[in-house]
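Look at the two complexes coming up: chain A is in both, with chain B in one and chain C in the other.
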Partner chain A sequence: MPTITVLYFAAASTATGLTTEELPLPAPSESDNASCLPLSALADLLAARHPGTKLREVLAQSQWAVDEEMVDDPAQVDDPAQVVLRGGEEVAVICPVSGG
Partner chain B sequence: MATAPSASVEARLDIPEGTCVLTYDPLDVQSIIHSVADDGAGATAVFIGTTRNSFKGKVVTRLDYQAYSKMAIKTMANILRDAHSRYTRSDHHTAPSDTKTSSLIKSAVHHRLGTVPVGEPSIVIAVSSPHRKEAFVACELILEEVKMKAQIWKREFYEGEREDEAEWKANTGH
Partner chain C sequence: MSTSSSVEPQPQLPLADYRRYGRQMILDGFGLEGQIELQKASVVVVGAGGLGCPALQYLAAAGVGTLGIIDHDHVEISNLQRQVLHTESRVGMPKVLSAAEAIKQMNSRVRVNPVTTALNSTNALELLAPYDLILDCTDNLPTRYLLSDTAVKLGKPLVSGAAQQFEGQLCTYNLPLKNSSQDQLQERGPCFRCLFPKPPAPEMAGSCEELGILGAVTGVIGNLQALEAIKILTGLHDGKPSLLMFSALSAPPFRSVKLRPRRASCPACGVEGEKIGKIEETDYVAFCGGERPDWVSRGLVVEDPQKRIHAKELKNALENPQRMVKILDVRPRTEFGICHLPGSTNIPIKELLTNPRQFAEGLQREEETDVYVVCRLGNDSQLAVDALREVSKTVVLKDLVGGLRAWSKEVDSNFPIY
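For the complex of A and B:
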């Protein structure tokens, strides 16, 4: 079964109590033979897996990184609504940063 | 302290423009300055960010840092490349074409991970250049870009408050 690896840092990690999570992708539908999950649907899926935590709020303020590329960067990849996960990706929750 | 993510590892990336480091060791400021030394440098600008003991009237006891290291180190390297390409000058010594060379010689940005006690450096940036103006400007640019873009997070702990309630900070541009 295809899975993605979700990485939690900072506030996302504090909210879930996890630093990483393997997420199985939804089973294939009739119209698509392969499992796939649009990135735009991931926040809801993760929030549902961690009810009663602040994860949903954290995700609302965060960006995604897929296989070490930031999403929401128009110069790099497509609109997040069009990024589709098919299994094997490393997806990180990038909360507002505070380095330096 | 909660376990740091396994992705928050030490990292080092050497590029032609300089060096980027993420480390759990205390930062050796003199060594970092020495790493950008060059006989052609008339100026070396250095920034040291240290853990301050207060935030909005509260006493800070320590800062904890973690990073998505494999992304953060690439982001830091891109910031150095960008700084070196922004500050260019025409090299009048090569004729006839006016080739652009960087006004900067070498840069280094080292960021510490884990607990950084009050008064200790969390980030050190060093930039060498023939002339002081570009060194100052580039050093500041690198700092502001790292604060805005690098996949690094800071958690602030206050005296008298529960550790598990310590906030993860967000850089808001100051």
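For the complex of A and C:
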């Protein structure tokens, strides 16, 4: 089954207790014969994997990077499903750090 | 024949500087020109704390001509584990003056402009305008947004560092791009607002005091900020905007992501006509969700005397017990391990709030027992009492006003304050 690697930093790492996690993509649907996941659906999937944590709130305030490149906020682009994960990607959760 | 004619090019730096900066001047790509650029340059460092100290240290040592330092705090003993320009003898002194003193001892020719006023939206433009480059070494989000917006208005690069616990970030916002095309959007990299249009809620953005920070971590990021500034000033920067994340306990500890171009819709640096929202007259503190809570003061507020006990009363209750007494310490395990009251039981607040009923059942079996809840400052202990009262019949269930810090101040000065 295709998987993606999720990298957690700062608040996301504190919430999950993880720095990295392998995530199997959901099984293929009828309309699509290969496993794939729109990036815009990843937050819900990850939050469901870590119930009882603040991950959902952290993700709402974070940005995504896919394969070492930032992605425009899925909520702010016209087609929220435009970035699609097909397996093998490395997805990083980037949240602002403010201390100093 | 004069000595000056026996050397070409004509010396453009004081003779002593050739010896002093020779180790960096012989670097390919740096050279005499690099040193002259640094000598001519002016950099303003906002925040003379964990990031600002190492940044200033390396900028001064490298021979940056003028350094502005802006900070309104005073040196405290708890700063010294990471704010390496300050010293025991300068505790209580304004941080900018302490840093200026340290720089003077290190490199007397650097011109230092210390500013003890707090940076705000009315003075930011004026205070930052004289400099070529801005370093964000601050510890709070409102100032980070203010610095970003101001850097955009002034058209100056903003080298931003941040650190918390074992992690840090480095990013240069508004970076001048190399080989930029005619497209106006391409001339500068994105700003902080492009990356993080919405600030996180204040409770998600804790401080070093609440969350902790390792000094060597701020040292890594502060050094990288100095390096980034030197690269930009001497033309060694590749002009490609990226965000570097440092995680001391991960392997590999450094990861870098490429940034997207500026957002055309960014209210700060976007394209006129396409901007969404306005930043004029922004109240930055309100934008970031309000003032950061003052946990020390909040922990001292007594609204319902039935729910709280003062340190001296608790001491009496422990010394002259009418009934069984139990002390519940709701701090995280690590903090409990630093110091705790003898005989106290540790149930971290996170665990207690997840399932108060489970812990209340333990208390119910001891109905003859008075329960006192303690924490560091007296805030989490109030949450614990409220949660336990909802599910417990324990008659006396109170928390310690001002927490263990008050215990140390009012009852036992040998109890550590941290």
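Throughout what follows, the second predicted complex is superposed on the first by the 88 of 100 C-alpha atoms of A that agree within 3 Å, B and C clash if a C-alpha of one lies under 4 Å from a C-alpha of the other, contacts with A are read in each partner's own complex, and residues count from 1 in each chain.
Following the convention adopted for this analysis, a residue touches a chain if its C-beta (ideal position, glycine included) is under 8 Å from a C-beta of that chain, and two chains touch if they have at least 3 such contacts.
Predicted, not measured: the structure shown is a model, and the values here were computed from it.
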Original post:
Superposed on chain A, are chain B and chain C clashing or fitting side by side?
Top reply: clash
**OP:** Please tell me which partner, chain B or chain C, touches more residues of chain A.
**Re:** C
Original post:
Who does A:K54 touch here: chain B (first), chain C (second), both, or neither?
Top reply: second
**OP:** Could you name the one stretch of chain C listed in 97-105, 115-123, 133-141 or 313-321 that collides with chain B in the superposition?
**Re:** 133-141
Subject >> chain B/chain C common contact set on chain A >> reply: 7, 9-11, 13-14, 19-20, 61, 65, 68, 70, 92, 94-100
Original post:
Which residues of chain C touch chain A in the complex?
Top reply: 47, 49-52, 137-141, 144, 161-165, 167-169, 195-201, 204-208, 211, 213, 218, 243, 245, 247, 249-250, 255-260, 263, 265, 354
Subject >> Touch list for chain A against partner chain C, complex >> reply: 7, 9-11, 13-14, 19-20, 52, 54, 57-58, 61, 63, 65, 68-73, 76, 92, 94-100
Subject >> chain A to chain B touching residues, read off their complex >> reply: 7-11, 13-14, 19-20, 61, 65, 68, 70, 92, 94-100
Original post:
In their shared complex, at which residues does chain B touch chain A?
Top reply: 2-8, 49, 65-68, 70-72, 74, 111, 122-123, 143, 146-155, 164, 168-171
